[in-house]
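Consider the two complexes below, in which subunit A is the common component and subunit B and subunit C are the respective partners.
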Partner chain A sequence: MVRRLFLAIAAILATAPAAAEPQVDPLKSPVWSDLAKKVFGEAPYVFDDAVKVSVPHVVENQAQAPIIADARGLADVKRLIVFSDLNPIQLAIALEPQAAAPFVGMRLKVEQSTPIRAAALTADGTWHVGGVYLEAAGGGCTSPAAARSVANWWDTLGEAQGRVWPAADGYSRVRFRIRHPMDTGLAKDNTPAYFIESIDLKSESGSVLATLKTFEPVGEDPTITLLVKLPPNETAISIDGRDNNGQIYRANIPTPRTDATSRQPS
Partner chain B sequence: MTANKWLVTAGALALSVGLAQPTFADVSIDSIVKDAETADDVVSYGLGPQGQRYSALDKITKDNVDQLVPAWALSLGGEKMRGQQAQPLVKDGVIYFTGSYSRVWAVDAKTGHELWQYDARLPEGILPCCDVINRGAALIGDKVIFGTLDAKLVALDQKTGKVVWTKTIDDFKGGYSYTAAPLIVPSSAHGPLIVTGVSGGEFGIVGRVEARKADNGDLVWTRPTIEGHVGTLNGKDSTMTGTKNETWKGDLWKTGGGATWLGGTYDPDTKLIFIGTGNPGPWNSHMRPGDNKWSCSRIAIDPETGDIKWGFQTTPHDGWDFDGVNEVISFDLDGTKAAATADRNGFFYVLNRENGKFIRGFPFVEKITWATGLDENGRPLYVADNRPGDPKDSKDGKKGASVFAVPSFLGGKNQQQMAYNPGTKLFYVPANEWGMDIHNEPVTYKKGAAYLGAGFTIKPIFDDHIGALKAVDPASGKIVWTVKNRAPLWGGVLTTPGLVFYGTPEGDLKAVDATDGKELWHFNTGSGIVAPPITWEQDGEQFVSVLSGWGGAVPLWGGEVAKTVANLNQGGMLWTFKLPKRVAAN
Partner chain C sequence: MNGARPPRTFDRRSLLKVSAAAAYLALLPRAEELAAAPLNYELKPTKLEDGIWMIPGAQDAITMANGGAIANISILDTDAGAIIVDTGPSRRFGEALVKLARELTGKDVARVYNTHFHPDHVFGNQAFDAKVIAAPQGVIDGLKVAGEGFADSMYLIAGDWMRGTEVVLPGVALTSDVEDFGNRRIRPMAMRGHTESDLVLFEENSGLMFAGDLVFLDRAPTTPHADIERWRISLANLGGIPHNRLVPGHGPVEEGDRGIAQTRAWIELIDAMIKDAFERGLDINEAIGLDLPEWTQKIAVARYEYERSVMHLYPVLEAERLPKLNNKS
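What follows is the complex of A and B.
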C-alpha cells in the first residue's frame, strides 16, 4: 500500500510545479522535515487552514481517539490522508472521494501525544496540510487488541453495522463499523499485523462513492464516517472491505428515502 | 517490524541504484515439471515433481565436503519458534520458505537478507495435532502459495509478499488444518493446478484431495479418500470413491479419516498424482470392521478429472495409526516404471506406478511385530494377537487388552522424506526403531474433539539409538548400510552424486558417503533439524540450505523417547552453506 502511495506521488510529480521552499511547521514537530519527505516526496505542500483536524480535548481511550479530517474548504480534492508524526506507524487512512466530500471521521490509536495531520491533495498536485496537537496518554499502538482477550473474536470478525442520514447540502452522512482487531504487529504478545487495508463504498447501481486505504493505526473495529453523494432513489450503500490476510468483508447499509414521492414508506 | 515501512521502502529504492537486487521472474509450469533437470533453481517440493530429492550438482564432492562452511544464517525471529519443517524453494536468487505459525519469507539467496515476510493472523482455536508446523510453499506464475494452520490456502505476490487471494479449505473448528507443501501439476483441461490435501485425521474428518486453478484459486475438482463419498468436478458431483459399504460396515465411513496431510508427488511420465492417505477414524479398529478403503493407502489420481486410477492399501483395517501418507517416489527399476514408498508400518513397498501393482515389499526396520510379512499382493500377514484388544471383551467394557507393537504409531518412517539416487540406485530412508504400548477404548465422534479411542505410549527398542538412516536397495530388498542416531530422525534427506545430506534432532546437518554411509562432514546448527535440505547453484557456486528448529510430533507424543530429546531446544534459523572459494576452485 505504501508502495502504491509512492507511485501515485511519482505520477503526480511529472506534472506538478517545482518543489516549494521548506515550510515552517506551525506545530513545531521534531520529525516534520523527514516526515514531509516520506509522505510527499518532492511534491509541493503548503500549510493551509482550509484543512481542519478536530480532536477531543481529553483522550479517554488512546486506542480509540476520535479524529475528524475536513478539507471541504478546498475545491477538487483528489486524496485526503490522515497521519500522526509521533506514532510508530504514521499513516492511518487515505481517502479518495470519488463521489464524496473530502471529509473523514475515524478513531485512531495514539502511542503518545503527537501532532495529528490531515493533508489534501488538490488537482494541481499540491498537498494542503492542516493539523492540531493531540494530548494523550501513551500505549495505544502497542497494547494488544481487546479482541485478544476474547477467545471467540473470530466468530464476530467482519460483522458490520451502519447508518445513513440524509443531509441538506446534497451529501449523505454515512457511518459504519466493521468488527476487526486491527492488530498493529507491535504488541508485546507477538500477534502479527492484521488489519483491514481497503474499503470501497459503492452505490446500489455500482458507482464508486469513495475508496479508503486503511492502516494499522486505525482503531480496533474501525468506525468511519464519510459524506457521500448518493444517486437518487438508491436504497443501499455497499461496503467492500479486504484485510491484509486476504479476507473479504461485504455489507449493505440501507439508505433513508431521499425523495418522498419516489417510494412508499415501508 | 512494520514500524518503519516508509523508511524501508525509501531505503530499498535508494539501494537499488548501487546493488544488484534479486530479480523476480515468473515460475512456469514447464520449469516445475522439469525441476529435476535444472540445477540453478528448486521450484518443486522434492527437487523435481517425482520427489527424488536428488540433485546432479557435483561441485561439492566426497573429497571437499569436509570444507563446507556457513555462507549465512537467518533468524526466523518473533519469539515464535517450535518445529521448522519446511523445504525451501529457490528461484532467480531468491529463497522462499515457510515457518512455524503459518509464516512465509523471501530472502536474498546470496546474502541471507530478508526481502519480505508474511505472518498469517491465526485464530485462537486452531487444532493442529502435531505442532504448529508448515512443510513449505509452492511457486507458480508470479505467486507464492502456502496453507495455514486454520486451513486456508493463501496466494502471495512473489515480489511483495502481499496477499493476492485466500481460499478456505475447510473449517478449522472441525479439526481441519493445512501443513503440507501444495503440489503444482499440469493439466490439459484446466491449466496448471494447485493440488492440496487436508490435515486433521485425529478429529474424525474425511480426507480429500483438491485441485484449484493456479491463477485464481477456483476449485476444479475434489476427491474424497474414503469410500462412499462422492467427488466433484467443475462444481458438479463426479464419481464416488470406491463402493459404499464395500469395505466399511455401518456408517463410520462418514467420519472415516484418511487425511491427506503430507501432500503428494507428480509423475510427468504417467501424468498421475500420487498421494498417501492417513489412518481411518477412530483408532479403535474394532468399531470399523473391514479394510476401510482408502485409508492407509497410496492412490494415483488423474489431474484432468480427479478420478482415482489405482489404489494400493498398505495397512488394511489399520489398528496402529499406520498412516499411509508417506511420499511415493517415482523411479526407474531396470526399465520398469516403478514407484517406492517407506510406510509407517515398517515395510518398504515397490509398486508399478502405471497400475499400482505390487512388485515387492520388505521390512526396512529391524523389527516388525504386527505382521509376519507380506503376501504376493503386498497385503500384510497379520499377527492377530498384536492388534490392540476389543474394549467390549474387557470386564467393564472400558479398556481393551494392551499390546506392545513395533513400529510405534509414529512409524518406521514418518513425514521425513527419503531420497533416491539414480547413480547408486539406492533409496536413503530416515527411519526410526521404536515400539508402543497401545490399548483401545470406546469413543464417539464429536466435532472438533480428538477421535481416537486409544491410549498409547512410545518406547525405544534399542539402548543406543532410535533413528537409523538406511540405504535401501529396491531391486534386492536389502539394507545396504545403516547409520544409527540416538534421537529419532525427523528431517528429510537430500542426495547428490556420491553424497547424502540429512539433519538430526541433535542439531547436526551431516553429509555421508552415499556408497557406505561413512560420515564426511557435520555442522551444529544450534537447534534440532526436522526439515529436508536442498542444494542449488548460483553464480557458479553450489549451495546447501536447511531449516533448523526443533519441534514436530516427537516432543509432543514421544512417551519414553523423551529422554533422548530432553536437552534439545527450540529454534528457528535458515542456514546456507558453501565451499570457500579457494576449495571450490580446486
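What follows is the complex of A and C.
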C-alpha cells in the first residue's frame, strides 16, 4: 500500500512537467498533443505499458474492428476510455468499473488507419495511456449501417442477447449484444446520429457493477465483453441501456448456477 | 470493352467505401513496395503432362509484391482450342495469360472457366471474350453482387497492378454434365462450401481434377464466404471421385488426397477452435490470440488466415449462440 502510494506520488511528480511539455507519443501521431488536451484537459497523463490495447493484425471489416482495452495491470482504475486519433469522432467508449475489472472488449468503426488508445484514470488523478496502431482501409464511419439495408431493422431494434460465465479469479465474464444501428450521423445517406449512449450493469440486488458510456464509433449491434465482480448468490445481471432518442433497453442476463449438480450447458 | 470508363486510380479508389464488400482485404501495401514493384507478371507455367500446364500462384496473401497472383491458373490444349481454368487477379494478368496460352497451344481460347467468384481467380476475365467464359449461375450472380466491392479492395491492396481492371461476368451459365473438346472432355461439377458456388472440373483424358478453392494445399484456406458444413460435404464428395492428380486452387499438384485431407483438417481445426473460444466466453481478440497447433506451422499464412477466419465466423456465432434475453419493459 505504502509502495503504491509512493509510486502514485512519483507518478504525479514525474508528470508534473507534462503540462508545460507534452509527453512524446510512442505512436508519433501528428494530432496527439491537441487530442490529449481535448481528452484529458489539464489532468496529468503518462504513457504506460500497463494499459494494453489489442487489435488484430489485419482488419478487413472497418465497420467492426475488434478492440480490447485492458488496464488490469493497474490498481484503483476509476475510468477506462477508448479513443482513436484519426476517426472523425474520437471517443468510443468510457467504462466506470464500480465492481468490475478495468477491461472491455468491443468493436469499433474506423475511418482509416489510426492509433487506437486506451486510457485509464487512476485514483491519484493520473491518466495512464496505452495504444497500438491499427491498419485499416477505411470507410467504417461513413458507411451506412448494414441494418439500414434490411427493411425490417426496426423490428429487431433493442433485441438483446447475453451470457454470463462462472467466475474465475473473482471476476465473472459477461458478454452481451444489443441490436442497434449505431448511426454516426456521418454516413453519406444523411442518416442522423442514432446510437446507444449508456449501458449500466447492475446485480439483481441493485448494486452497480459497471457503467458504460458509448459513442457513435461503437460498431453496429454493440457486442461487449466485461469482467464483473458479482455478489454471491446473484441469479442475474441487469443491463439498462439508453439511446440518444431516449429509448430505453432493459434485459436480464441469468448467471450460471455454480453448484456442480445444476451445471448444464445452456 | 470498357474503354469509355476512366481508368481507376489508387487515389480514387481510396475515397470509396470498402467495408461492405471488403471481404478479400489483405495487408495494406507499404509505400516502398508501391514504388519498387516491377509491374509485370512473369507467368512461369509448370507442365503437368503433355498439353496441360499450370501457373502456380504465390503461397501468400494478396500483396503489392505479388500483384494478387496467388491462385493456380491452368491451361489445357485441346482439338477445339485452349482451355483456361481461372483468369488471375487483374486485367494485366489476363492479358499475359492470353499471350502465354497462344504460345503454348498455338490456338485461340475455346473456353474459360471461373471456379468461383473470388477476385484472385476471375479479375483476368477482361482479357477474354465473355462469350467463352463459363461458370455456374451462382458464380455469375455472386460476382455481379460483390464484384465492385472486390475491385475496390483489390485496388487498395494491389494498387497499380490493377490499373484498368473491370469486373467482367461470365457469359455462359454452365448447365451441362460434360463439355466436349474433341480429345478432351470436361465434366463440370457444381459444389459449394468455400463460397456459395464452387465449380470443380474433371478432365477425363488426363484424369486431372481441378478443385478450385475447395482444396488448398500447404497454404491456409480462406473463409470470407465459407459455409463450413457445406465445405465438409463437398470435400467428402471430392474424395469419392477417382482422379489421377488433383489441382488445388492454391498449392502443389499431387496424386492422392493430401490436399483434401489437409483442407478438411484445417476447417475442422478452426471451426472447433472458434466455437470453443466462443463457449469459453472469449472476446473476439482473445480468440484471435490463441495458439495454433504445431502441424499448422508448415502451412503458409496460417496465422494470417486464422485471424481472418475468426473475424469472419465469430460474429455469426455471437448472433446465433448468445442466448436471447427477455427484455424487461
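Keep in mind that, in the parts below, the second predicted complex is superposed on the first by the 235 of 266 C-alpha atoms of A that agree within 3 Å, B and C clash if a C-alpha of one lies under 4 Å from a C-alpha of the other, contacts with A are read in each partner's own complex, and residues count from 1 in each chain.
We take it that contacts are C-beta pairs under 8 Å (C-beta built on N, C-alpha and C of every residue); 3 or more make two chains touch, one makes a residue touch a chain.
All values reported here derive from a predicted model rather than from experimental measurement.
Aligning the two structures on subunit A places subunit B and subunit C side by side, free of any clash. When the two complexes are overlaid on their common chain A, residue A:Tyr171 makes contact with neither subunit B nor subunit C. Applying the stated contact rule after C-alpha superposition, one finds that A:Gln90 touches subunit B and leaves subunit C untouched. Of the two partner chains, subunit B is the only one touched by A:Asn245; subunit C is not.
Touch criterion met: A:Pro192 reaches subunit B, while subunit C stays clear of it. Counting residues of subunit A touched by each partner, subunit B versus subunit C, the larger count belongs to C. By the touch criterion defined above, A:Asp183 reaches subunit B but does not reach subunit C. Judged by the touch definition given at the top, the superposed model places A:Ser54 against subunit C, while subunit B stays out of reach.
In the superposition on chain A, A:Tyr45 makes contact with neither subunit B nor subunit C. In the overlay built on the shared chain, the residue A:Trp32 is in contact with neither subunit B nor subunit C. The overlay of the two complexes leaves subunit B and subunit C separated by a minimum Cα distance of 13 Å. Comparing the two interfaces of subunit A, the one with subunit B and the one with subunit C have no residue in common. Within the complex formed with subunit A, the subunit C residues making contact are 14, 16-20, 22-28, 153, 156, 224, 280-286, 288-289, 304, 307-308, 310-311, 315, 318-319, 322-329. In the complex of the two chains, the subunit A residues touching subunit C come out as 54-64, 66-68, 105, 107, 113, 135, 137-140, 142-143, 146, 158-163, 165, 173, 175-177, 188, 221, 223, 225, 238, 249-253, 266.
Subunit A meets subunit B in the complex at residues 2-3, 6, 38-39, 88-91, 151-154, 181, 183-186, 190-194, 216, 244-247. The touching residues of subunit B, counted against subunit A in their complex, run 1-3, 5-7, 9-10, 13, 78-80, 103, 119-121, 123-125, 154-155, 160, 162-166.
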